[in-house]
Every structure is written in C-alpha cells, then in structure tokens.
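Some structures to go through are shown next.
Two complexes come next, and they have one chain in common, chain A, joined by chain B in the first and chain C in the second.
Presenting the complex of A and B:
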C-alpha cells in the first residue's frame, strides 16, 4: 500500500492555503453550506448519521490502512462510550443514570472507550490478518451478548432510552442544524488528526511496521507498543462517534452494538476505500443512502439483496473501494484533456 | 490537481443528497406508513403482519373518503433503534401523517417515545404488545387497537389451574418486554387461583442451545409455560422433546401461533393439546372471522390461517382507515380531528367488538384455545372459550392493578 501524499520533501515552502489543498477547501465549503439546501431529515438522518458512521469507519481505516490491523470491534468501542453516556448522564429507564453534566460525562465516556480499545488492541496485536479479525469479532460478539443479558449495568435487551443531546452556550444541540454541525466539527477534527498523524513520525513508523514488522523490530522499534498506541488513538475517535451516536438515536441497546452493526462499519471502510482517511466518509454516505432508500426502490422483500448487490459490484469493480474507482477513472480524464488540448 | 478531481466526486455526491424531498402527497392520495420487521429473526412475523394490513386496505378497495391509499413501507429488525430509525424516515422524509406499526414489544415502547416528539403525526400500533406502551407514561398520539400481551392471556391461568389441574408450573420465556407482559398476564390469574411458579427462565432472542434451560426446569412441575416466538419456540420445543421431557405445555400467544404451527417435524406431536390464549382462534366459526380468513388468503404467501400478527395489523390498519374515513381523509390540521375520531372509534372486527380506554388501549374479546390437528392435517388453535371484552387491567380496578407494579423479570412472583 503506497502513501497517498507525494513525498516531495524538497518542495519549496508552501503557504497554509496551499498546504490545505483546494480539494479540502471546496469540500469544507460544501459541507458547511449543506444545511442551506438540505431538509431536516437529510441533515440528521443522512448527513449526521453518515458523519458518525464515517468516524467509526475512520477509526477502522486508521488501524487497517496504516497499521494493517483489521478490527471488527470499532462499534463495540463506540458502544462503550454510548453506554457510558447513558449510565453517567440522564436516562429515563429508571436504572443507574448518575445525572452527570455533559462536560463531565463526555470525557469519561471517551476515556472509557479509549481504554477499552487499548485493551482490545493489547489482546489482538499478537495476531495478524484473519486472526485479528476473528479475535475482534469474538470480542464484539461477547460484548453484545454480555450487554443483552446483563440487567444491572446494561439493562438487557431494552437498553437505555431517553438520552438527549445537551443544550449549552445557548444552543440546543439536539436540533437538526446544530447537531449536524456538531457531527461535522468532530468528524473534521478526527479527519485532520488522522491525516496529520499519518504524516507524523509515529504515523510513518506505524506504516513501516505494517509493511515489515520484523525489520522495524530489528531496527530497535517497540512494535507492540506502537500498535497498541494506534488502538488507543482509534479508540478516542470511535469514542467520540459513540457519544454522537447515542445523542443521535436518543437511546442505546444491544442492537446498537450487534454483529450486524460491526459488519456495517467494516463494509463502510472497505467500499469507501482504506487508502485515505476520506474513504470511510464516502463509504458511509453510500451505505447510509442505500440502507435508507433501497426499500423505496425494490420494495420490502428484496431491498437487502439490492444493498448486497451494490456492495458486491463496488468491490468487484474496484478492490480499493470508491477511492480506487476514482483512481481508475482519473487517467482517462487526463487522456481526454490531452486530446482536447489546443 | 489530484485533490481537486477527488473533490469533484465529493461535490457530485453531496449535490445528489440535497435534492429536495417530495414530502407532500398529491391531494387525491393519503399516505400511510407501514412499519414492520422485514429483517432479522422476526421477518416471517413481519411479512404476515403486512399481509394483514394489506387485507384491510384491499377490503376498502384501496381508497378512503374518495382518496387513494398509498402505503409506504419501513423495515426494522426488531431492535428498538432500527424501529425508531425506520419511523423517522417514514415521518420526516416520506412525510406520512399516519403511521401503522411496529411489530414487537421493545420497538413499541421506543416508537411511543418517538411519537412524543412528533405531535402532528398519528401513530397506530402494529402488534407490539408490551404493557407499558400504553399503561405507563403513554403518548397522546399513540393508539393501540390490538390488545397487549397480558390481555391476551385472559382466562388461561384459571383454565390451567381449574380445568387442567396444574398446580406447579415453570415458565420459559424470551428476555424482553413482551414476554414479561405475557408471563405477567398468565401469573396474575394462575397465582390468584392458588398456583405456584417455582422457576422462571429468561432466554435471549435467537438462542439456539436450550440444554441448560431444560436442565434448570425443576423436577415435579405439572406443566411448563412457554412464551417463545418463531425459531426460538421451534428450537426449544424440539430440544425439550429430544431430551425426553414429558411435562405438558402451556403456550404463550405467539408460541402456538401459525408462524410456529406451520413448521414441520416431530414438534407437531408435542404441541397437540397445548392450551393457550390470544387475540385469535383458528376454528372460530363466526361468519366475520371466516370472511376475514378468506380475504386474508388472497394475499401472496398466506398461511392456512392468519397469524395473530396478520390479525393485529389488520385491526390496527382497519381502525386507521375507518378513522380517516370519518374525517374525510383530512389530516391537514396535524391530525387533531383524526385522533379525536380514533379515540371515540368502536367497531366490529373479525374477532368481536373493539373500543379504546382512556389510555388509547383496546378493550376486546380474547380467545382461550387448544392446539388440535385439523381435517387437512394442519395444526390449528381450537376455540375453547371466549373471554369477552378484556380491558388492560384484566378486570381489576385500575389503582389496585397499578399496585401490582411494572412488569419485569421478577414481577409477579409466587414460588
């Protein structure tokens, strides 16, 4: 897997605008102006939901794309943050609910998610490839059944309901537009952090470990420590996504963190593309749109088949997902522009 | 340039997203949302619910008050999250002002909570039968013309104790709000009659291996009360029979439903003679029921006899259409007139008269049944007795009933 950023170290000093890249600027403008044209449903159910699942996909992309560790437990990590918000904050299920204010509950929830992610990483870093997938799947399934059957902490099958996004700074964050911007803000932060991290010393080391762990070990790097630290960082992103998810749904139950949802996150990352942090967000938009509207296209009996077919076609045409698809189309555009030149 | 091109793709994706939604229906059609489980372990149940709802629509020739009825479907997988997500899509994107659904217990409670945030939309239950959907903290715009799971048990506890002579009964039920409600309904009568329930087993939905559950059933119980649905019921009954269990069974409403009775295998012998109670009885020979069965059988893929899901969705959809008919299909006032008409609505269903109480929960006839083999070899529920006009508090005065407490795993108890 190659780096997406051209390694032109000798390039002249760029100003910050050039560093940011025209693509990012246009994308940012579009996303910021999106609420002007979108209905409330498209703001939250499509926009917000895609950004949240994009963040979960991003945490997987970071582990898989830069670290070579494919995890199926990202929704579990997000779910731990979601349950933490339900337990530490307010809910109307008459169980636990310590009533902490959001500014105390959120850091604790994200911390809990990050710690859980570190633990999962610690358990699974000794394995590679398919075995990592198996171990993380086992952890995700075990957590799902634990939540489903534990009544004292997780309230069983019903889970927690009546959780609301907070209102602060004079803004009611559960309204569609503020909630969209909240999701967008956190998604952009995570995206920028991953992009920055991938070019940092740590990111470079991680990618080198992915490509040749034995050589890195021989060079004196602590391979396990680097990998576990990557899990910690991925856990922070998934934790924030989990907090947004519980505010978005207003509830959390074992269904939120089931195996279906875990596989959804993997599908999102794979069909979006694992080569660049923007991939999971593209994948999330496609998956959320498909899951929402497929039933309108082919009716209630066959819509899951259609969803499966679309994913199959994307992965068949381009193993690198939607990003790879673009990589294939682009040269043809370039040829076209040469032909139509003066 | 690389970034720029990639951005164009993103741009294209997002402009596609912003296409304005065509939320408003044309004047001559009425949009009704239909929310059922078309995915997950309860798919078969959801599909039969849809058949029931479509029977009601077909009965009115697809029109109400001179306007065409348009059904917009939403699917959940029986988890509360997915039910709320599907309801949101129907309400906020498709713009339905009337929504019929959902199917299962916890879904109903979740959709009721959602209903509170959409005061201009009218929600009519599907077959969701948890007690607390309407009994505690109800939503003003949520109606249930199908009865709840405790009502469905009316008459069964007394019948098991007095007529069958069972004194000690163990229960095995799924672990969520609807089976809690069923066990509550059964025990309310059974314990009052003098019976004892020494053990209650709660199993997760989708459980495959029941050996530990079977081993935990105490020696010397007179019968086992089973409230499991779909594949879970089939798995439990098969394994219980294979392990040499001989105690007779008492069935929860969905355990001896057509969704289970139509399964093949030795299970059939175990099920024969099982007493149960529910909103329907297959051998009901009232003309209204027979007409309904014939109409139902015209739906594609129908069972030999409609399941209680087909019946529940039928009753709720029928009530919806009758209510809409009363207000001339006019919901432009945010459904105020419609909700007023619905709360006063009383009509004859294939299973007798239905009316609503002050919590907008149905009062209806309940049927005590026993599983028998029909002339054509299909298993069916033989009608034993009709318990007329059961209300949500099972005939107990309301303040006394509320003192029994909310249904859960431990309440009620009579070891």
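Presenting the complex of A and C:
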C-alpha cells in the first residue's frame, strides 16, 4: 500500500480558487464590472430586474429541481414580503404604514414570506407532481383576487405606492448603481446558499426524496418535514426578492402578484433550466431582454406571443431549458477538439 | 349507528333546514340576521346556477385530465375562445343557437388538433404537458387580445330565453296580506337544466356505454385495449374533442349570462382547478359536487362578506385537501 503524500506541500484538497471554478470567477468579474459599461437603464431595468426575477426563479428552481415540487406561488410569496414592506414601512397611500425603519421591516417581511411559503408548502406537499402545480396555481390566483378585493390590509386594486429604498451607510440605495450592487449581492448570496445547500446533507436528502420518496420513508426519513423545510428556505429567497421588487417598483399592487407574473417566474426557471441554480438567472436575463426589446421587433403589444412561442420552442426542443441545450452542445465541441487533434 | 348512517342523518337535517329557509315565511329576527329572504334565496339560486356553468367548464377539464392524464392548463383559453366565437356567430347571423353550436364544434376541432399535434407527442410527461399548455394559453390570450381587443362583449340571448320566471317561493308578506313571490331570470334556470342534462349524459356515457368502457379501459391499460383491436388514439381524440367542446359550449353559455372579456380565461381556469381539486380528479359526480360547493360559496360570500368571498372558496379547497387529499369523489392513488 503506497499512499503518496505530496512532498511539495500541495494539499490533496483543492484550494478555494479551484473550488470556486473558473466559470464562477469570470462571471463574478463580469457582473461586478458591468456598471462601468452599462447605462442607468441597463443597470436597473435589465440588470437589477433580471437579478430580482432570477432570485424568484431560483426559489422555484430549488423546490422543483431538488425537491421535485413545481410551485406557481413563488411570486405570491415574494409579493407578501413586498406588501409587508409597504405596510410596516412608509408609503404615501395614507393607509397603514407603521413607519418602521428598514432594518426592522426587512427581517419581518422576509419572515412573513417564509411563513407564508411554509404554509403553502404544508398544504401542497400532500400532493405530487401536477397536483402541486394546480394547487399552488389555485393559491396564487386566490391570493391575487383576495388582494384585489381587500381594502383593509391590501388597499384593494390600487395597492401601495411611494415606497422608497432606504438610505444608510451614506449610500442612497435607490440610485441605479447602489441598487444594482444590492441586487447582485443578495442574488449571489442566495445563489451560493442554494449551491452550498444542494451539496449539504439536507440537500442530498431532499434530492433522494425527490427520486424515491417511498424508499426514503422506509429508511426512516421524515419526508414531509424535509419538503416543508425546503419550502421555508425557498420562502426566504423569494422574500428577499420581494423586498427588492417593491424597492425597485416603488409600489406594489395586486398586478404584482397576478397570474401573469406567477407564470413569468415559471417561464424564467424553465427557459433557464432547473438542473443548476445558474439556470433561473440565465432565464431571467433572456426573458427580461425579450420583454424589453420584443416591442421593437414585433411591434407594440404582441411581445407576449413572442415570449410564449420562445417558451414553447424551448420546452419542445429541450426539456432542460438553455442549460440542457448547452449540455447537449458541449460534448459536440469536445468531440470536435478530439477529432482535430493529431 | 354506522358512520354512513350518521352522515345520512346529518345530510337530511341540513336539507330540511335549507328547505325550511327557502319555503317558509321568515320571522323578522331571521330577516334581520340574513339581510332579507330575497337576498338569501337569490344568493342560493345564483350559486346553484353558477355551479351549472362551472360544472360545464370543469367537466371538460376533469374528463381530459382525470381520464387521459392529459394536463391542459389552456382550458380557460378554450372557454374564452368559445365565448368569442359564439359572440361573432350570434351577432352576425342573429341565431343564438347557431352561436352555441359553433362554440361547441369549433372548440371540439381545436381540441382534436391540440391532442394530435401537441399532447400526443408528450404522452405521459406531465410537467412538459403543463408547461406547453401554459405556453399555449399565453399565446392564445395574446392573440385573442389582438383580434377582439380589450373590450367587454355581451352575447345577446334570444327573446324566448329572456323572461323571468315566478317561482313558488314567498319572499315577503305585505301588510295587506298579499304574498310576494320570487321572480328569477329564466335564462339562468335553463343553463342549470342544460348542465344537469349534460352531466347525466356524460355519466351515462362513461359508465353505461361501450365507448365509456373503452375510455375507462384505455386509461387503466392502454396496451391491452389497443391489443383488443380498439384504436386508442381515436378514442382519446374523441374524449379531448368532447372536453374542449364542452369548454367552448360553456363559453357561449357563460358569455350570454355574464360577459366576455380578457381575463375570463384565468377566472374559469381557476374555477375548474378548484372544482376538480375539491371534487376529485376524473369524477363527473365529483365535478358536480365541487361546482355546487364553489358556486354556492362564491355567491353566498358575495352577499354576506364581499371581501372574503374568494377566501371562502380557498378555505373549502384547503379543508378538502386536509381531510381527503384526493378530493371528495376521487379515488386514492
């Protein structure tokens, strides 16, 4: 038995740079330097917006990709955080608005979102597959109609307006560049958390439950508890996204949590791909770019048709979205390089 | 006393109370609590007739999903398209019945096309069927917006359906002793009757005919049915045609009672989802029970607690799921 110990001190473990992977480093550099080249419009309307919707998609990807639970209620969860910010903080709709400082309102908003997500999860984990989709869609739609009819808490159809991102540490986080970095920071945090979580014991157990719930139950795992906990974690991410969303828009109304928005989140996650946490962010960039510029291509109001068509084509061609397409093309590149070798 | 008997007794008691509420002359204190007898009875009748409409939409949904495992979240779009087609045909020809038939026939054809060109390619793949049908509903909603714009249309009903019916229900007694009877729109009662006829017809078709036997057999064991010489694909195309046609039919019928506008597709998709979740997937009886519960909850909610009406529907769904995850009439999976 010859266990070779590297003499020059190179540890068998990879150092943190290798662990991070070259792809991540390049991506990080590009994203951090993006404000140097981008205009204010590209910084917030494309960059910030994509990151926010990427986070919502990420919370769905986490549930669907690792837990096998496709939820259409992620925008509802985010919307609850957004409404909580409007109600607990300041708004100019003259209804509620407790005027809490941001450092108190934000944790409460995220907590409310996490609790709502847990509740939705608790209701829907009794079902599987398509049934989960139907129930979460029903919950999302019911919440939308409720918010529209309720004037005491949700201020009905008009919702809340005049919500401002806070200014602290001498930075006004409402300005384009700070806001972009705020979104980027939270998106990277949640991305890293999901990636790390997926390799943790909990993440592995969740994936095993997705693949074979009966076996995991027989092995003594509490399947329901694991699934509900996944909903809680997804709720935290969606909650942060909701906080950013209400600061981005400056307002929140039933339209924010409507069925269209719920489906947008699903489209983003699916177009990007549900196999890896980077998928939803890819999908978000594609969808936000399409929503912004499709008007120039197909004229005034028909961009939904274009988005629907692109979505249909991607679902038909590659069930795993853009990531799946890339996974299919990559081996061919590798093959090419082998052939062209000597 | 067994559990079944207890439930039966309970049901009889509830029925007796409701019958008394509907037919008796109310004392003043009851009028004070429940606004007025007229409001109460109208809410119940509106709930039941709305349930008829919901049943028409949801029965198509449950037929397609429950029997063929074919997820079609574009069902609401089928409803709305049927309504628009019914509007066009009725307003151009002046014959309402022609509009109703057109709604059914055109949507049945659309259904066959969808089944053959889209869903057949994705057989057994729930998630992709869901996603594709969502994609279709987005495109359909946008195209319908392009053609019919954002306006609200009302399909005109023929004169022989317009009147009101005087029901043998006393709403009040005047001080001079004259009794006031409740009048109710004839059209809504006809809708309810149509829903009942179609529901019974569907149930008979599925449970008592050879075609129904084939459909049920095809769901359980497709290969075996195919081996015994039946064209399974044709059977499924027919089921899809009937389900989609029912959605179109409901669209015209509903568009005549209420109105046709963008956004109705989502409303009726939600209604079908909740009805089918509550009633149990694939069961015609379940769809009827679910539609009745949701229709009544919605209308009673509208009268007595307008803000929380939608929450009542939602509570019914959650309670059903907590007690019977497979729905009231659903089979355990």
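Going forward, the second predicted complex is superposed on the first by the 327 of 342 C-alpha atoms of A that agree within 3 Å, B and C clash if a C-alpha of one lies under 4 Å from a C-alpha of the other, contacts with A are read in each partner's own complex, and residues count from 1 in each chain.
Note that in this section contacts are C-beta pairs under 8 Å (C-beta built on N, C-alpha and C of every residue); 3 or more make two chains touch, one makes a residue touch a chain.
Since the structure is predicted, the reported quantities are computational estimates derived from the model, not experimental observations.
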More chain A residues in contact - chain B or chain C: B
Partner chain(s) touched by A:32 [first = chain B, second = chain C, both, neither]: neither
Partner chain(s) touched by A:151 [first = chain B, second = chain C, both, neither]: both
Touched partner set for A:219, first chain B, second chain C, both or neither: neither
Which superposed partner A:317 touches (first chain B, second chain C, both, neither): neither
First, second, both or neither for A:141, with chain B first and chain C second: second
First (chain B), second (chain C), both or neither touched by A:253: first
First (chain B), second (chain C), both or neither touched by A:330: first
Contacts of A:162 with chain B and chain C, given as first, second, both or neither: first
Chain B versus chain C as contact partner of A:292, first or second or both or neither: first
Chain B and chain C contact sites that coincide on chain A, given as residue numbers: 145, 149, 151, 301, 304
Complex contact set, residues of chain B against chain A: 2-7, 9-11, 13-14, 17-18, 20-21, 23, 36, 38-39, 47, 50, 72-75, 77, 79-82, 84-85, 88-89, 92-93, 106, 109-110, 113, 175-177, 204-205, 409
Partner chain C, residues of chain A touching it in the complex: 70, 123, 126-127, 129-131, 133-135, 137-139, 141-142, 145-146, 149-152, 259, 263, 266-267, 270, 301-302, 304-305, 307-309, 311-312, 315-316, 319
Complex interface listing, chain A residues touching chain B: 21-24, 26-27, 30-31, 34, 37-42, 45-47, 145, 148-149, 151, 156-159, 161-162, 249-256, 258, 260, 278, 282, 285, 289, 292, 295-296, 299-301, 303-304, 322, 326, 330, 333
Contact set on chain C toward chain A in their complex: 71, 73, 126-128, 130-132, 134-136, 138-139, 141-143, 145-146, 266, 270, 273-274, 276-277, 281, 306-311, 313-314, 317-318, 321-322, 325
